[in-house]
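Chains here go by letter, A, B, C and D, matching the order in which they are written, and residues are numbered from 1 within each.
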Amino acid sequence: MNDVDFQSLLDEIHEQVRPLVGKGTVAGYIPELASIDPGQFGMALVTPQGQVATTGSAEKAFSIQSIAKVFTLTLAMRHVGNDLWRRVGREPSGTAFNSLVQLEHENGIPRNPFINAGALVVSDVLLSCDKDPVQSLLEFVRLQSGNPELSYDQKVASSEAGAGHRNRAMAHFLKSFDNLENDADAVLEIYFRHCSLAMSCLEVARCGLYLANGGRDPVSGQAVTTPSQTKYINSLLLTCGTYDAVGDFAYRVGLPGKSGVGGGILAVMPGRLSLCVWSPGLNKSGNSLAGTEALDLFTARSGISIF
Amino acid sequence: MNDVDFQSLLDEIHEQVRPLVGKGTVAGYIPELASIDPGQFGMALVTPQGQVATTGSAEKAFSIQSIAKVFTLTLAMRHVGNDLWRRVGREPSGTAFNSLVQLEHENGIPRNPFINAGALVVSDVLLSCDKDPVQSLLEFVRLQSGNPELSYDQKVASSEAGAGHRNRAMAHFLKSFDNLENDADAVLEIYFRHCSLAMSCLEVARCGLYLANGGRDPVSGQAVTTPSQTKYINSLLLTCGTYDAVGDFAYRVGLPGKSGVGGGILAVMPGRLSLCVWSPGLNKSGNSLAGTEALDLFTARSGISIF
Amino acid sequence: MNDVDFQSLLDEIHEQVRPLVGKGTVAGYIPELASIDPGQFGMALVTPQGQVATTGSAEKAFSIQSIAKVFTLTLAMRHVGNDLWRRVGREPSGTAFNSLVQLEHENGIPRNPFINAGALVVSDVLLSCDKDPVQSLLEFVRLQSGNPELSYDQKVASSEAGAGHRNRAMAHFLKSFDNLENDADAVLEIYFRHCSLAMSCLEVARCGLYLANGGRDPVSGQAVTTPSQTKYINSLLLTCGTYDAVGDFAYRVGLPGKSGVGGGILAVMPGRLSLCVWSPGLNKSGNSLAGTEALDLFTARSGISIF
Amino acid sequence: MNDVDFQSLLDEIHEQVRPLVGKGTVAGYIPELASIDPGQFGMALVTPQGQVATTGSAEKAFSIQSIAKVFTLTLAMRHVGNDLWRRVGREPSGTAFNSLVQLEHENGIPRNPFINAGALVVSDVLLSCDKDPVQSLLEFVRLQSGNPELSYDQKVASSEAGAGHRNRAMAHFLKSFDNLENDADAVLEIYFRHCSLAMSCLEVARCGLYLANGGRDPVSGQAVTTPSQTKYINSLLLTCGTYDAVGDFAYRVGLPGKSGVGGGILAVMPGRLSLCVWSPGLNKSGNSLAGTEALDLFTARSGISIF
C-alpha cells in the first residue's frame, strides 16, 4: 500500500472518468447552482505527512453545500460534546435528506447530524454557544485550509434563503417539537450561510485532514478534535454521510465521506489521507456521479479502504 | 319524528351530560384557550322553519377555531368552484389533523379541506380571490348569524400566531410543493385570524343553517351555496369533519359535523335542522367530550340521523 | 321524492352509462375474475314496500367479492356485538385496502371491518363462534335473497386461495399480533370462500334490504339487526365501504355503499331502498367505473341522498 | 498496535463487563431462547496468523440466530454474484429488522440482506441454486470452524417454525411481490433451520476469519470469497449488521459486525482479526448488552477500529 503513486493514480482516474463528467443532473433547486457548467472535474489528496496530489480543476472554488455539515458538527462537538446526542440521533435515516416524515414519527429528534433537520439543530447549538457562528466557521475553514481569503458566496446564500421553503418548513417543525432554542428564522439564516461556503477540492481536502490524523491538524500540531471524537465523526460519515446512498457508497467506495449537492465529496482514510473530488453532475441519490466513480476507482486501484 | 319537543330534549340532554362537563382536556397549545374554564356547556338548535331551542350557555361566545373551516370552504367554493379539488383532496386523512407525513407522501396535496394543511390552501385561495379575506369572513358570519357585532378575538389570534410553529411548518411545506400561490406568512396570518372567530352556539347554529336547507338561507331566502355544493359540503363534513375520529363520530352521532379545539361542534341534519354544542373539555381525538356525548344522546333520543 | 318512477330512471341511467360499460380495468389478480367479459352492466332496486326495478343483466350472477364483508360483519355483530370493536377499528383507513403498513403501526388492529385485514378478523370471530361459517353465510344470503340455490363459485374460491399471497401475509401478520384466535390457514380458507359468493344484482339488493329498513327483513318481518346495529353498519359503509375512495363516493353518490372487485356495488338509502349495480370494469380506486357513475346519476336524478 | 496482548485484554474485559452480564432482556419470542440462563458470557478472538484468545464460556454452543445471515449471504454471493442485488438492496433500513412497512413502500425489495425479509430472499436464492441448502450451510460452517460435529438445534428450529408468524407474513408478502421463486413455506423451512445453528464463540470467530483475511481461509489457504466480495460483505456488516442500531454500533465499536437475538455478535477487523462475543441479555435494539459493551471496550483499549 505504501508505495502508491498518488499523482499518477489521480491523473489516471481523471482520464477514466472523463466520459462521465457532465453526465447526471446539476442541483436545480437554487438558480445559482442550476446555472453551473456541469463539465467540470477536480480532485485533490493530502496526507498528514504533507504529500499533495491534484488533478483537474482541483483549485477552483465550488459551493461545498452539505460538506459544511462536517465542520459545523466538529464545532458543535467542541462546544457541547456528547450533550449533542440528546437532541440529534446517530443512525442512518433510510429516507431522503430533507424528509419530514421521520421527524414527525420520532418527535422532532433528527436521525443524524448530516440530514438537513440534524444540521439545523447543529446550527441552533452553535447559535446558542457562539456570538457569531457565521464568522466562526469561516475562521475554522480558513485556518484548516491555510487560505485566509476563503469566504461565503453571497449570491448562493441569498438564493438558498429565497428558495429554501422546505428547510423553512423543517426549522418551524423542529421548533414545534421544542428542538430549537433560538428563533427559527435566525437558525435558518446561519444554516443557509454555512452551506454557501465556496472552497476548492484542495482546500476541502486540507480542511478535513484532521479526520485522517486522529483529530490533530498536522500543520499546526493542534488538536481539532479528540481521538475519540475523530473516530465518532468518521463513523457518522460512513453510516450517514451520503444521503440515502450510504450503503451503496460504503459498498463501492469503502471510506467515510460527505457529499454536497454542489457536486463535492470529502472522503477520509483514517490514519492515511484526506481526499476531495468535485464534479457538478449528480446521480439520482444526489451524490456527484463522476465524483463517486472517481472515489470507487481510487479505492479499487489503491487498495485503500477501511474494509 | 316530526313531533320531537326540541326544547325538552335539549334540557334533558343538558341534565344528563352534566357529569361529563369539565371532564377531558382543554386545548393547551395556546395560552388563551388553555386558561378557559372547562366547566361550561351550551347547546343550540335552529330549523329552517324558525324553530329555536337552547340550553346552558348557548349564547356565550367561544373560540370556534376549526369550525371556521366550514365557512371558509364555503367562501372558497363560491370563488373557484370545483377548481379547488385540483389543490385539495376529498378523502378522510386517517391521520392527525396536523400531520405532515401524508403531505410529503402525496406531494403537497392535502387530503381534505378540514385538516390544517387543506385549510391553509383554502386560505390561500381566498387570499388570491379576495382583497380582504379577513373582513369577508366576518361579513359572512355576521350576515348568516344575524349578529352584526360578531368579531375576531385579537388575543386568541396573536396567541395562535406566536405558538403556531407546526402550522408555520405546514405552510412552508405547502409552499415547497408549489401549493401556495401567496407568501406563506401572509396565508398564515389569515388562517390564524379566521380560527380566532368568537361566536356563541346559537350564532354558529344559525350560521350553518343553509347546510340544512339545500344551501338557502331561510331568513333572507338567498342561496349561500347551490344544492349540489351543499350536498358536497355535508358529505365532506361526514367523512372528514371530526379529525381522526370521523368513523367513530359517524357511528355514534350519525350527522355531518365539524368540531374545533375550542370545544364547539356544528352538526347538521340535511333538510331538517342545524345544531351547535359547546363544552371546552376535549376527548383524546380532540373533539368536545361532553359535546360528542350530547350529540350522541340527541340522535339516539330523537331518532334523527342520516343513517 | 315519493313519486320517482324507479323503472324509468334505471332504464335511463342504463342508457346513459352505456359508453362507460367496458371501460376501466377488470380485476386481474385472479384468473377467474380476469377472464370476465367487461362489457356487462346490471342494476336492481328494491324497497321495503316490495317495489322492484331492474335494468340490464340484473339477474345474472357475478362474484360479489368484498360485498360479502357486509354480511359477514352482520353475522359477527349478531354473535359478539360490540365486543368486536376491541379487535377491529371503525375509522376509514386512508390507505389501500390490502396495506400492511397501518396494521404494523397500529399493532395489529385493523382500521375497520371492510379492509381485508379487518374482514379476516371478522372471519376469525365467525370461526370461533360458529361450527360452519361457510355454510352459515350461505344460509343467510339464501334466506335474505329468497333464492335457496345461491352458492359459492368453487373456481373463484380456489383461484383466490392459490393467488392470495398478500392475504396470506396479512393473516400471518394478524396472528403475530395475537389478533387471530384460530389458525391462519383456517381463517383464510373461510375468507376466500366468503368472497367467492356468486349472486345477481337483484339478489344482492334484496339481501341488503334490512339495512334500508331499520334492520328488519320486510318479507319475513324478522329482525336481522337491531335498529342501532343497522345505523352502525350504514355509518361504517359510508365512512369505510369503498376502499380509499370513500370521500369521493360520499361526495358523488352520497349513500352508504360497499363495493367489490368483481364490479358490484351495494348501496342503501336508509328508510327508503336498497340498490345494487354491477359492471366489471373498475376505476383506479377499485370500484366499478360504470357502476359508480350509475349511482351518481341515480342520486342526482332522484334527489335521493343522505346529505 | 501490534503488541496488544489479546489474552490479557479479553480477561480484563470479561472482568469489567461482569456487572452487565445477566442484565438486559433475553429474546422471548421462542420458548427455547426465552428459557436460557442470562448470566453467561464468552468471547473469542482469532487472527489469520493463528493467534487465539478466549475468555469465559467461549467454547459453549449458543443459538447463533441472525449471525447465520453472514454465512448464507456468502454462499448466495458465490452462487449468483451481483445478480443478488436485483432482488435485495444494500442500504440500512432505518427501521426494525422485522418491519413490513418498508417492504410495502419499496415493492417487495428488502433494504438489505441482513434484515429478515432480505435473508428470506437469500434463502430463496440458495433453494433455487442448491439441492440441499440446509446441508450446505452445515458443511460450510463445519469446514470454516474446523468442527465437523457442528449441527442445528432441532428444538430451536421447531420452536421458530411454530412461533414465526411474522416471518411467515413476510415470506408471503415477498411472494405477493414475486420476489420469491420458491414456495413460501419451503423458503421458511430453510430460513428457520439456518437460524437454529448452534455454535460457540470460538467456532463463530473461526468461521468469520475469511472476512478478516481478504476472503481467504488462512487454514486451508482456499478463497471463500473474492477480495472485492469480502470488502462488500464487510461494508454491509457495518452499515446493516446490527439492526436499527448500526449507527450506534459503528460509533461505539467501529467494526463491521453482525448480531443475533441469541446474544452473539461476530465482529471483524479487516486484515487483522475475527472476534465473537456472546451473552444472552439484549439491549433495547436487540443486540447483546454485555457483548456490545465488551466490543466497545475492546476497540477503545486496543485502538483497533476501522475509523
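One rule holds for everything that comes next: contacts are C-beta pairs under 8 Å (C-beta built on N, C-alpha and C of every residue); 3 or more make two chains touch, one makes a residue touch a chain.
As the structure is a computational prediction, the values presented were derived from the model and not from experiment.
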Chain of greatest Cα-centre distance to subunit D: B
Chain pair with more C-beta contacts, A-D versus A-B: A-D
Cα-centroid distance, subunit B relative to subunit D, in whole angstrom: 56
Separation of mean Cα positions, subunit D and subunit A [Å, integer]: 32
Whole-Å gap between the CA centroids of subunit A and subunit B: 48
Residue list for subunit B, restricted to those that touch at least two other chains: none
Chain-level touch network, classified as line, ring, star, complete or other: ring
In contact (per the touch rule at the top): chain pairs: A-B, A-D, B-C, C-D
Sites on subunit D touched by subunit A in the complex: 89-95, 102, 111-112, 228, 230-232, 234-236, 238-240, 244-248, 250-251, 254, 256, 270, 300, 305-307
In the complex with subunit C, residue positions of subunit D that touch it: 99-101, 104-105, 165-166, 168-173, 175-176, 184
